[in-house]
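You will see chain A twice below: alongside chain B first, and alongside chain C after that.
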Partner chain A sequence: MSHPAHVVVAPLLVALLTAVTTLLARSFPRLQRGLSVLGGVGYAAAVAALAAAVTGDADGYIVYALSGWDAPFGIVLVADALSAFFLIIAAIVGVAALVFSVGYLDRETAALSYHSLFHFMLVGVTGALLTGDLFNLFVWFEVMLMASYVLVVYYSGPEHTRAALHYTVLNLLGGAVMLLAVGGLYAVTGTLNMADMAHRLAEGAVDPAPVLGLSALLFTVFALKAGIVPFQFWVPDAYRAAPAPVTAVLAGVVKKVGIYAIVRVYFTVLSAGEVALDLPFVAGDSYLAFFGPVMFAMAVGSILLGGVGAVNQPDMDGLLAYSSIGQIGFIVLPLAVAATAPYGGSLMTFAITAALVYSLNHGLAKGLLFLSSGVTRRAVGSTDFADLGGLSERDPAFAGAFFLGVLALIGIPPLSGFFGKFLVFDTGVRAGSTPVLALALVGAVFTVAYFSRAWNRTFWGDPVEYDPQPRLVAVLAVLAVGLVVVGVGFEPVVAGAEAAAEAAVNRSGYVDAVLEVGA
Partner chain B sequence: MTASFVMAAVLGLLYALGTFLLLRRDVVRVVWGITIISQATNTYLVTMGGFAGSVPVLAGHGGHGGGAVQDPLVQALVLTAIVIGFGTTAFALVLTYRVYEEHGTIDLQALGEDGADIDGGEPR
Partner chain C sequence: MTTVIARTVTRVVVPFILLTAVSLLFQGHNLPGGGFIAGVLTCTAFALVYIIYGQESLRTLVGGSEPGDGVLTGLPGTYARLFAVGLGVAAGAGVVSTALGYPFLTQTVLYLSDVPAVHALTELPGIGTLEVASAFVFDVGVYLVVVGGLLTIVSVVGRE
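What follows is the complex of A and B.
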């Protein structure tokens, strides 16, 4: 065990330490807020150090065996370009939301548990992104969800308790299903270590048919976390109930953990399995050939339902929540193309790159927009479109930041969203798939339609009474500048996404890196 | 082999009972349903270790002879899952009580009607 490997646990430890110290410091609210923000910045620094270490590593894999128990017997944390990419999204959105919540939430109520729970949620996210063990993934999911249940019910009014009840019961059921799938996979493959599982599947030592069924069961759980149709029904209520900064993290980060799990488990680990399939729409014998059409159907459902739902919403939170469902469809769409492409080929790598770039763009832009919804609520007292209007006259800076976020999601150059959309369309062109292009086009039209409506109703028209929130708008401005920076300096971003996509489809590299530690 | 059949039947019954309770209108029964489903899942996890062999820790020690042992890993997993299940059940029950305090009912039908106002309504 070389010592630099400790950099892998650094983000996890920083977040955990901050969660505990903010809990202990709850009698000293000012100190607690300081610690919380400091912990957030420390988390971002730890993620940056980890990303730098992964980039600098010769193989691009840093494996950390917890307690020195090597794989496949102990639990390992594996950092590669894919985990690092999602960790960076988590760090940016997480820190922005944290700073925002310091100015946004009522300080006395927030002092009780908010900061601690926020960091516990980050702990869960980080663990899920780093772990190399399937059961451990379940545990980190539970850590993340446990914190998010409490954050969704934070205001604990009538609507909030009701939304949290739905959210909790659904995710508890999801947890039971995930445990079923994981237990079944263990019984069939004889291992829980993801690299070992991939290794055994590739060797053909495992009966492939039950693995496919169990992995399909597991897929429903990941789809539930990511809020993909038909597992999206919890999204609007939970997003309306949670405080704005929490919603920004739920939409920007927690959903992406579901996407990460899909990419990691199905593209890196289970892609080795082959089973003779005789199903309509399924060409080829690999598991991915089965999941391709499934993901395509889910992407169609998400984009259409998200689009139609968003156009009809009476309030900004609802519109953004449905928009999230639609945008997740845009992330799943290239993944569906990737799943049907030849394994490890350029089309698969390109399509995953598109999905990753879109995830980054959606994380930043949707985070910004949900925070904007928070500003509206604080400044006007409502997010119902009926109560809003003329905010561009009242606060041009706020309107500008919101506008940039909207443009990024619509995909106007030179913002980050342009490249996200462009890569998704290009994936369709390269795959020569008309349905993919048509769906992406329909989704893009919906995006323009519902955001035009949001903009018209909120920022144009007769000005309503407005209580300026310069400190909150400053956080939005930073995120908006981030969108422009990512768009203008796109070269390193796409390089990072490409490296992440290559890591996602480099099964042998992953297996070798994990199983050869200490050997 | 008989053990497998008995366990399969028991698990089937537990899942059926859990699903039945989950679909009730009373929130407390829904929580019961979730609890039973997660306990059924724990039982399922234990059976995934197989039925051959004796107690893992005792085998080979203190004159118990070195026979085949049960897979101890699933039992470790179940311990973790039970702890998580305990925490989530406690939270779900507290949440049920809060729902009752806020709405004055734990009937899901009534809750749906009570929530006609869909605005998130964060207090300012």
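What follows is the complex of A and C.
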């Protein structure tokens, strides 16, 4: 440990120190806002430096032993292409939402704790994406969630309190279940370090049957965080209650942490386990063969329920929330294909690439749309479709940004969403699976249907009173340009996603990188 | 409301609680104890004073500013600042090691018997090995966070 690579811990530290300084600067709101935005920009820079370091590293893994205690006994942070990919999503959506919230929220109320909590949420996200320790993953999840509890109840009206109470109780239950599962895995495998766990499973030193059961328990928690059917019920209320920039981060980033955890834990770590199963639809002995059909069923549920739910929502927040449930199905669908493919093969890598590209697209586009809903609330005073109409005449720039976000989620070239959807369909074709293709098609039709409705009710029709918000719309415009840039300059994005997918299925590389540090 | 017994017992007990808290804080880096439990114990002492003697007496004891209209003004404001400062101390204790070229949160121990200037002191009967752990700074940060956080809750909820 002669050269601890501080670049790994840099994003975490920037967010943590920003959270502390914004808390200390509470009496100076102007300074606090400046520090907060500066910290956001610093976070993005730290993430960029980390991504560059990971790309430039010969092995593609940078391991950082916190406190100088090496794996498997100490807690290590592990940065690889997969972590870097999700960190980039977090940085883009996080910074955009942060800048948006400076212009959006009431400044006196926001000065109390908003900025600090926002950065603490980023701390939790960053820690969860970087940690190489299963129990530490639980801790970062809790950090992320505790900040989000307060942010969801930010407006503290009756309906916000009710939504936040449900959100909190559910996630506390989820946290308890996660603790139970992690404790069980520790009891069975004798380690909490994820690389060590993979190593022991691969060696056959562990009884595989209880590990499968406990990991299935753990899966429910990740599914709850990601809002996958049947664990989606908290999503609409929480998303309606939280301020728009918080919802953008919840939908764009926090959900993706659930997806990251699924990819990391089930594809990288627990994929080594094999146990003979005699269950319908389960072909093969690996754990992934078990989770494949489970994920497929969840994707079916998510796409259908999200689509049907979104079509008849009375307000934009509700529509976007149900749309998030449906879109998360589009991310889980290729993961289900990947889980049933041969381990480390081209189909598995390709399917995970599709899921990652779709995650990026959904993070950007849904972030943009939730912020648009915030603009609508600010400019018209409501997000109910009954109160909206004709905004394309009132504010063409706003309408244009919203339109780009919608097109990206529908999947029109040359936007990022086209490639996301294209890769999902291509995954279905390569797997030769008619059900996957049919489901993706149904989901795509639903997406067109509910967004057409949102567009018609909000931007066409009789114009309503509108108070222009040029500064907020500017943030939307930047995100909209980002969607176009990702779509036009798709080569490096897909290369990054491919590297991330390869890292996700490179179990031996991960194990070697983490465990050789101690040797 | 409060009886003579309660007031007298509080007077006697509070110093002992605080002393125990401090001793837990000091031994926390390698024995049962630490910033968290010491902070909780300190809060029980303050809560006892608060319940038995009322908020005003606590304010004269701690020396907070006059209560204002906002949520975090007056005494709660002082507590909330304590909380923020503690967070800064704890985070700073971790960051210092990165500035010195070690991983984040790395801690070390200085044995006073290794320091020539005070070496003679450690050889006195009844003193033994004295150590200064850098983790103590982190513990102090945690202590301040817990005291600040809990007292903010107690005083804000108590005011309503």
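Throughout what follows, the second predicted complex is superposed on the first by the 516 of 519 C-alpha atoms of A that agree within 3 Å, B and C clash if a C-alpha of one lies under 4 Å from a C-alpha of the other, contacts with A are read in each partner's own complex, and residues count from 1 in each chain.
Keep in mind that, in the parts below, a contact is a pair of C-beta atoms (placed from the backbone, for glycine too) under 8 Å apart; a residue touches a chain by one contact, two chains touch by 3 or more.
Small disclaimer: the values here were computed from a predicted structure and weren't measured.
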{"item": "Fit or clash - chain C, chain B, common chain A", "value": "fit"}
{"item": "Touched partner set for A:168, first chain B, second chain C, both or neither", "value": "first"}
{"item": "Touching partner for A:378 - first (chain B), second (chain C), both, neither", "value": "first"}
{"item": "Angle at the Cα centre of chain A, taken between the Cα centres of chain B and chain C once the superposition is applied, in steps of 10 degrees", "value": "40"}
{"item": "Partner chain in contact with A:150 - chain B first, chain C second, else both or neither", "value": "first"}
{"item": "Partner chain(s) touched by A:112 [first = chain B, second = chain C, both, neither]", "value": "second"}
{"item": "Partner chain in contact with A:445 - chain B first, chain C second, else both or neither", "value": "neither"}
{"item": "Contacts of A:186 with chain B and chain C, given as first, second, both or neither", "value": "first"}
{"item": "Touched partner set for A:488, first chain B, second chain C, both or neither", "value": "neither"}
{"item": "Chain A residues touched - chain C or chain B, whichever exceeds", "value": "B"}
{"item": "Contacts of A:17 with chain B and chain C, given as first, second, both or neither", "value": "second"}
{"item": "Shortest CA-CA distance in Å separating chain B from chain C in the superposed model", "value": "8"}
{"item": "Shared chain A contacts, counted only where both chain B and chain C touch the same residue", "value": "none"}
{"item": "Touching residues (chain side chain A, partner chain B) in the complex", "value": "106, 135, 139, 142, 146, 149-150, 153, 155-162, 164-165, 168-169, 172-173, 175-176, 179-180, 183-184, 186-187, 192, 240-241, 243-244, 314-315, 317-318, 377-378, 381-384"}
{"item": "Complex contact set, residues of chain C against chain A", "value": "71-72, 80-81, 83-85, 87-88, 91, 95, 98, 101-107"}
{"item": "Touching residues (chain side chain A, partner chain C) in the complex", "value": "1, 4, 6, 9, 12-13, 16-17, 19-21, 23-24, 26, 64-68, 112"}
{"item": "Chain B residues within the chain A interface of the complex", "value": "22, 27, 30-31, 34, 37-38, 40-42, 44-45, 48-49, 73-74, 77, 80-81, 84, 87-88, 91-92, 95-96, 98-99, 102-103, 111, 114-115, 117-124"}
